[in-house]
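There are two complexes below, and they share subunit A, which is joined by subunit B in the first and by subunit C in the second.
Let's turn to the complex of A and B:
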């Protein structure tokens, strides 16, 4: 186990939540869940991602055009009312997730890929290499991600700050979980058999161990995604993300706040959209973690 | 869930809790049958009326120094109640007596003799003398870097104390409006005071009883020369967020919410709150630096002015609580010319002008703005869209409010400004003369400078205003401003609060005439 890390709790909950990465053998009972139930969250996630991706096309009005008076209450042509500039809130919500989610996806993917690579290597190599990787990881984890992102955002652009901070704060966590799992898996019979056959380490890692980590990595990616989404939204609310008139859920939160007395939907709609995305994606990755990982 | 979503709600929950506590306290200490209170008794005696005023301010930038930047309204409100000033703004834009009872210039309008009232005394029992006044003015002069050279045109080294109650103020240039320039900001402290961390005696209508980061409790100063203000106690609550101030009022935690957004009016009217509209308070001009391309070309500036759909801007940014303006930065100043035609929204001419200036294929600019004041970002976003119509791509950049006024204001080529009821002469001094400390439009016109100098040397008020109007005509023609409208300042008050001041500038801070009734 690695040193006393501040994020140790997260690490434990990742494993407990996913239940993935157990050594091959009899799987736990919960694998026998009914099919529709098991697929509920992933299906919801796919639907949501499609909706967010196609959202700009579904918007009834151009998201940056004035269609009514400022802060108008919901009515027939504007089901969620209008915002500070009289723009249609529904159209803006539909158009406002693409950028945010793509950024979060890129950030999460980068963190998981780097973390998994580092975890595979240090878990396989063990000993001094593992300790060094853990040491670097602890060092990175000592800096709070939001602070890191804020500092980076002043030097780089908001988007690169989100990606960099997500990687620096996320990859070490992924690396830990993966390294631990690899250390267990390498003692497994089929891995030992492959080694006995004379296969080289990279081949064993790629062909034997990586597939067994599928569920774990998916579950972990979900967590990284939710964190990256929050980070991207936070920077955006602080004005370090997309600039007006871009429709962006987080920017809409800030823009909608002054009008809560007149049209609360301008604030609530993007807030719910953000919350729903984080929740559904988190749940989906967890259930994917449960079903995946088997050999 | 996202943490920043929870914040306002948490703040509101805390606020409601505070509201309940404060209401309970107020219930104990309010006794309308004895509006005068018992002289000098501590506020907890239960015989005083309390006015609780939620005002813009953030503890992070709070200051106890009345001669510094005056960036926090909560500080200014406290200073206005605790210290006396030489003059205050009158309803007509002129100066009215306060600590000074009379003033007289010399022939050349560069030496002013102010006579002070003799019955003013500080809370430590010392009388207010001419030396105190001169010391205070000199401190303001010395802190020019903090207060944008507020008294830069006064030659305070060559000003002098004539006798106990007479002070002679020299100005560097003829300055016909000296009494107005001194209005509402010349807070007088005892001679020699440099340290404001502790208690400093004032001679104003109230004195500080308790001071904390976000709440200051003032009690009536019964030794004040100006009569007995109605509220025995004033609690100043500094709340940075305008909506929080509204919530505090609607929940009964305060009696007045100062400087709120127009979005709050509807919900306040539903609850029978009093709405005080102070016209011509807020201006968010778009400012072009006339020394930087493409704005060094007057045709581009004119095109940008013609691109503004002023009605749409006023209706959107101020929700209609305001008026269309005509590219003159201080439309409510008494000197502002009224004979200039209103510049209209004219896309076609604007496009022609841009083409003449060599931008027929379009032009890309960055319009900087911030969220310091409600609607600044909305204004920029909307105007950027209007600029699209004349073929200009304006990228809006919303800068952090913290350093906007030091890194963007008067530096970037194209940005959103803010005026809160400044007079034309003051604006000229700090921002329009060739040598102004913060020349916001990079305006350098000898004719303009000369015109202003001449106006300031003119004692006849009508003639002076005509001269000032002339230089404003030049500005209308050639300046770096797109002044599309002015928004009303809006204060909300509980029904029992009467006579809140409704002037555009700092005079709103002088609330010693407020009555609490019913």
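Let's turn to the complex of A and C:
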């Protein structure tokens, strides 16, 4: 139900072009991707996230108070008109992203942390351990994330279902990218030097390998975030998330659909806000992937 | 190709399918209470609930219940609905044609759109990948809202609710398919374009393609004769992802547009905790995805056979990285 497969299984190969064995030092500057352009998407993402976080404070009206007739067209006090119950659409859009995005952030963070830990371990251990981790990942990936979230929602609350599904379907992907990269990095001279110095595996992983994974992990976290946002929006639109009258972009989509002919803004404003967030977060992730060294 | 490879690939997919049924079953087992009190919530006495639990077999340990459920599934009897008491197979059976029609139309539409987008991107020098990736990130509810609001609300071209006439099939009222199919196909096509764009660009850098361009072949001839043959396997793998994703997406789309299929059934069963229906209705997306993976793997294994015939073009090292729904990038 969320995205095209949504919830996509996206994977960035790293082995081919990271330059196996190079230390993660300064890389040759590329002609394209000069500083301002490179920072455009991440800056937009940070701005947008701040705006969504502060949105409830900026709302001109309380999001659940009736301020005019139902489906009123935009005017002075309600710049985006009103919804089915005469509530201010602008206030509801400003207040409606906080819950969705914070849920997506928690879900993505959980997936990335677990996936990175599993990837670090299996990439470092190699051999049988790595194969076992990969096999468990394959098993989990056979169930599409939206289906997993729905099935989990029989027993868990919508939010817990989103987090659990995001971890079960996302962590294996993160683990795989990280493990591939670690398997390459551990052959690097600076890593071997640390091992020769007698440092123990956890110290080497934390101090020598983790910093080199920064770009990769950021890019991957962006993908997990977009997927979690899609999951959260889907469950919410299906009525398994926040309940009315909570302001929530996905709920607003369903509530706004019947009144499209009267006040299209009640439907289009939350739809565009949701779409914009997902687009910008995805772009920031791709940008981190390009500039972070790991393609 | 080793002669045993197809058998090995089929076995891998069978194990994955089995594991998926375990995941689905275990996920519905997380509920602290159980189905014993679902039907008569609050109205039954302790003894009645205990009797119902025995009747439904809930007093047995979970592994036994899983095996019984799996056995029922394989023999075509996944139990009865806790709400209506009707056999799950019957409920699913009457909704299967509608969902099959929706998935088939959406998949066809997504394939055509992806081919078109890739062709456009190729003719424009390999650009447009970030637009496709951006569109693919947009959550499906937003697509549903914008398409529904535009086509049904503002333009009035199609009905806002995709009800089918009683007894009628989706093919007899194609206007009901427009909104659900577009909502499923557009983001899927964007996603597939984003994935295949990279493979296309990689293929275009290959020596034989560069040579063909230098020989003065037209871009379309280069594309058809020297690039497309390399794209079959990646395209099939992405196709498996799309088919699984579209089938999974029916849950959302059928619910929003009121289309009477298995996806909508899954959502309503989740809402009332009708566990047997949830367990069975969750399986189609998994089976479609795994069937697609198997087809892609078998075709990849067959084309891998060309490596030994001396042409070398299909040699493993020459193949572009291809996304694999289950196994990452090959």
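Quick notes
The working rule: the second predicted complex is superposed on the first by the 258 of 295 C-alpha atoms of A that agree within 3 Å, B and C clash if a C-alpha of one lies under 4 Å from a C-alpha of the other, contacts with A are read in each partner's own complex, and residues count from 1 in each chain.
Just so we're on the same page, contacts are C-beta pairs under 8 Å (C-beta built on N, C-alpha and C of every residue); 3 or more make two chains touch, one makes a residue touch a chain.
Source: prediction; values computed, not measured.
In the three-chain model built by superposing on subunit A, subunit B clashes with subunit C. Once the two complexes are overlaid on the shared chain, A:148 sits against subunit C while remaining clear of subunit B. In the superposed model, A:260 makes contact with both subunit B and subunit C.
In the superposed model, A:243 lies in contact with subunit B only, and not with subunit C. Of the two partner chains, subunit B is the only one that A:71 touches; subunit C does not reach it.
In the superposed pair of complexes, A:128 makes contact with neither subunit B nor subunit C.
By the touch criterion defined above, A:139 lies against subunit C but remains apart from subunit B after alignment on the C-alpha atoms of chain A. When subunit A is checked against subunit B and against subunit C, the one touching more of its residues turns out to be C. Judged by the touch definition given at the top, the superposed model places A:198 against neither subunit B nor subunit C. Residue contacts after overlaying the shared chain place A:86 against subunit B, while subunit C stays out of touching range. Touched by subunit B in one complex and by subunit C in the other are residues 230, 233-234, 237-239, 250, 253-254, 257-258, 260-261, 271, 274-275, 278 of subunit A.
Touching subunit A in their complex are the following residues of subunit C: 16-17, 19-20, 23-24, 27-32, 110, 130, 133-142, 144-146, 148-149, 152-154, 160, 184, 187-192, 195, 241-242, 244-253, 255-256, 263, 266-267, 270-271, 273, 275, 278-279, 282, 285-286, 289-290, 321, 323, 325-329.
On the side of subunit B, the complex with subunit A involves touching residues 1-5, 8, 242-243, 246, 261, 263-264, 266-267, 312, 315-316, 319, 371, 374-375, 377-378, 380-382, 384-385, 395-400. The touching residues of subunit A, when paired with subunit C in their complex, are 1-11, 13, 16, 138-148, 150-156, 168, 173, 176-177, 226, 229-230, 233-234, 236-240, 250, 253-254, 256-258, 260-261, 264, 267-268, 270-272, 274-275, 278-279, 281-283, 286.
Across the complex, subunit A meets subunit B through its residues 64, 66, 69-71, 84-86, 230, 233-234, 237-239, 243-245, 250, 253-255, 257-262, 271, 274-275, 278.
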